[in-house]
Amino acid sequence: MKLADKSCALEEAVSRIGVGATVMLSGFGVPGTPFALIRELVRQGPKNLTIIKNDANEKGMGVDHLLAAGMVKKLIVTHIGLNARAMAMMNAGDIEVEFCAQGMLAERVRAGGAGLMGFVTDIGLGTELAEGKTRVELGGREGVLESALRADVALIHAARADTFGNLCYAAAARNFSPLMAMAADRVVAEAEVVVAPGGIVPEEVHTPGPFVDHVVPLGALGEEYGVVRRA
Amino acid sequence: MKLADKSCALEEAVSRIGVGATVMLSGFGVPGTPFALIRELVRQGPKNLTIIKNDANEKGMGVDHLLAAGMVKKLIVTHIGLNARAMAMMNAGDIEVEFCAQGMLAERVRAGGAGLMGFVTDIGLGTELAEGKTRVELGGREGVLESALRADVALIHAARADTFGNLCYAAAARNFSPLMAMAADRVVAEAEVVVAPGGIVPEEVHTPGPFVDHVVPLGALGEEYGVVRRA
Amino acid sequence: MSDVRDRMVARAAREIARGMVVNLGIGLPTRVIDHLAADFPVCLHTENGLSGIGPTLPYEQADRNLIDAGGAYVSTIPGSAFFDSAVSFALVRSGRLDLTMLGAFEVAQNGDLANWKIPGKFSPGAGGGIELAQKARRVVVLTTHVDRKGNPKLLEQCSLPLTATACVNRVFTDMAVVDVAEGRFHLREIAEGLSVADVVKATGAGLIVPEGELPRF
Amino acid sequence: MSDVRDRMVARAAREIARGMVVNLGIGLPTRVIDHLAADFPVCLHTENGLSGIGPTLPYEQADRNLIDAGGAYVSTIPGSAFFDSAVSFALVRSGRLDLTMLGAFEVAQNGDLANWKIPGKFSPGAGGGIELAQKARRVVVLTTHVDRKGNPKLLEQCSLPLTATACVNRVFTDMAVVDVAEGRFHLREIAEGLSVADVVKATGAGLIVPEGELPRF
């Protein structure tokens, strides 16, 4: 046996994202955001997207390009405070925004990736986050039902990949990547370095290859991937 | 800042497991089973234990010692077919056995470790595994409620640990370890190799140190850890 | 292994398409590995936490930490990955497992499968079989056509506790290849030396037999 | 940072006991790091996926992939570990976080905390604050005693949407250290140069003042 080669060109990997698709984007701030895949998505331009991501990035970066291009119908996020455009579009009613507690977003995505329908938690009880959610009693305690999230496509940034799709993430760039890489019908990973199978030690794989459909090798990294100097 | 030293002697690490405790044991067959910790538990001898483990090991190994010593009240497992004593004690009513589908046991333990109350799944619908479980409708589909599992103590086998409790598992010995290491009030890890903090690359940690209470260095490995020749 | 079982396993191996992710159950299904070419692109999964299973190893060469779910000592290949049990079943339940091959006590004509429990006689627990049967994209069964007493295993209804409902797509036996579709068994292929009447007689439910000559294996 | 705020942060740092796992929120709480000795055993956690945070780095030395949840470029120390967001909040929710220090818009005398939303004005989303507030074993708040308009932040009841109910154990302000217990605020310590009357006046709820001299910070 050998393992399949899933190497794919940038344009083709992104080409099957249609109008109205639900797209998960990895990343927490800059680390882990698949900037190259997002730029290609902007170039191809499908509208009415539902974007699931921790945050909306900052001005001129990542998700902000999708917002600027008018491609976003809805954001499912935990925090958009660093993107004034997202805040303004939300307040103007140009986009819908669904906020999740950060660990709840992580778990909802993971539940989708784990083939579960949802989970029961006490997080948010007594606050407006629990409003409108189904109450469930379990083991004598009250909780709310949180539903699983899945996407048509997940766009993931990896530090290293092999051509079968085994992925490794660097430092805090891991964040939502292993979760989203399980939770979409089509998973596209851009990788800074792509090696042949065997180039990653099996114990050190963060996302196993069977979850990944396409591996896109990145050339030189664009400016967006660098250190952000806010001062 | 530096990180705490959680090194602990075998006897002390196991000493707080009392009569009637619920104990998680890592391992799937031989790989990952904490044989040294189990032997010490047998030596100390608390009775009426509820054991949560994938399987009951084989004759003369691991869980079988606990069964032979009459220390087990209940097993929560996925499969005990390789342990005739466990089958016989179950059939004789000497122990209670709760069977879970394997992925359901993994998820129930993980839910406990993730501080969730439970989850909703369609696994087992239409079979006796779903009998007696609460039905829940979510997103127009029917599922059953599975409750989270937690333990008083989890006994874990690691290939490598640092003194802060960061753990790495070898090959297929990983199985339930990272899940159980999150799901107990007290987590004890035995490790084949113990290094100083910094001896494990942060990206390669399988269980982060904050989940672990005690690290027990193993000396030479006993026979139970070796290759089993069944022929 | 008898000649016909070997041919059955070889035939079942052709069920595996290029690039699939496949889980092979304990017993006959595991032997399918021997019929896969070294350069055939397939990713074998075992539920105890490995994708990319390599050849089974003799004890002398075994890694004590590297077993499959049946306890056999296996090896890795370039591109293998290890993961925990939650990730392993996430893969199964979320639709990333293209095919599983399982054993069976009984298969019903609606695709119900019973393969884990004989009440009062054999109740070792289901292990990972429940989720493999319920969630693999395609479920094929490898089994003898009849049990040791000569009773059919392909039935109108299962009498034993179910592993999963309406999950089996195809059955490979030592007598025939039978598809499960629209609530009926459909005979597709037949073992060398047998007649259709032999297969019909050994089957405990109606068997739809197509016109013309059937392929032999 | 003003002198009194610096003393308040230094005082808050003494809240951290040896061996604790601690999450420091954005803003004032993060500055607590500067008051921890290099050999003090503490594990700092950030919810974007790191245990064992090391010193903050200037841009020139920063690793582009190594930020804390507030976006600051941080470093690792021997024994640091990276993990995904699900594991990170598993740690928080399952009781492995001994202490979190958070900012606040409002704290109520029953321990309710509001720190994430001002309807109509500021609704950026809660990030990880909900779970930190609800699930850390001990929640302390670092805040000015009054807001920019001079209105008290310690109140009988919160008027803003809650982050979590009955979660705050202690409040460090630029005027006092106040405990929350049994539904009331308890004055514990007081900033140099202030009188008890100053604190009482700036507090929007009853304040239980113990007999005798109060410790100063």
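The chains carry the letters A, B, C and D, assigned in the order they are written, with residues numbered from 1 in each.
The criterion applied here is as follows: contacts are C-beta pairs under 8 Å (C-beta built on N, C-alpha and C of every residue); 3 or more make two chains touch, one makes a residue touch a chain.
Just so you know, these numbers come straight off a predicted model, no measurement behind them.
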Can you list every chain in contact with both chain A and chain D? B
Specify the chain most distant from chain A by Cα centroid. C
So which one's got more C-beta contacts, B-D or B-C? B-C
Averaging over Cα atoms per chain, report the distance between chain B and chain D in Å. 35
Mean-CA-position distance for chain B and chain A (Å): 32
If you average the Cα atoms of chain B and of chain C to get two centres, how far apart are those centres in Å? 29
In whole angstrom, how far does the Cα centroid of chain C sit from the Cα centroid of chain D? 56
Please set out, as single numbers or ranges, the residues of chain C touching at least two other chains. 50, 82-83, 86, 89-90, 92-93, 135
On chain A, where are the residues touching two or more other chains? 107, 110, 114-116, 121-122, 169-171, 174, 202-203, 206
Which chain pairs here would you call touching? A-B, A-C, A-D, B-C, B-D
Given the complex with chain A, which residues does chain C contribute to the contact? 18-19, 21, 33, 36, 38-45, 50-54, 76-83, 86-87, 89-97, 135
For the chain A and chain C complex, residues of the former touching the latter: 1-5, 110, 112-116, 162-164, 166, 182-183, 185, 196-200, 202-203, 205, 208-211
Please output the residues of chain D touching chain A within their complex, sorted ascending. 46-50, 59, 62-69, 71, 73, 82-86, 88-90, 92-93, 123-131, 134-135, 161-165
Which of the residues in chain B end up touching chain A in this complex? 107, 111, 114-122, 134, 136, 138-139, 141, 143, 145, 147, 168-171, 174, 202-204, 206
List the residues on chain B that touch chain C in their complex, please. 28-32, 54, 77-82, 87, 90, 97, 99, 101-107, 109-110, 121-129, 159, 169-179, 206, 225-231
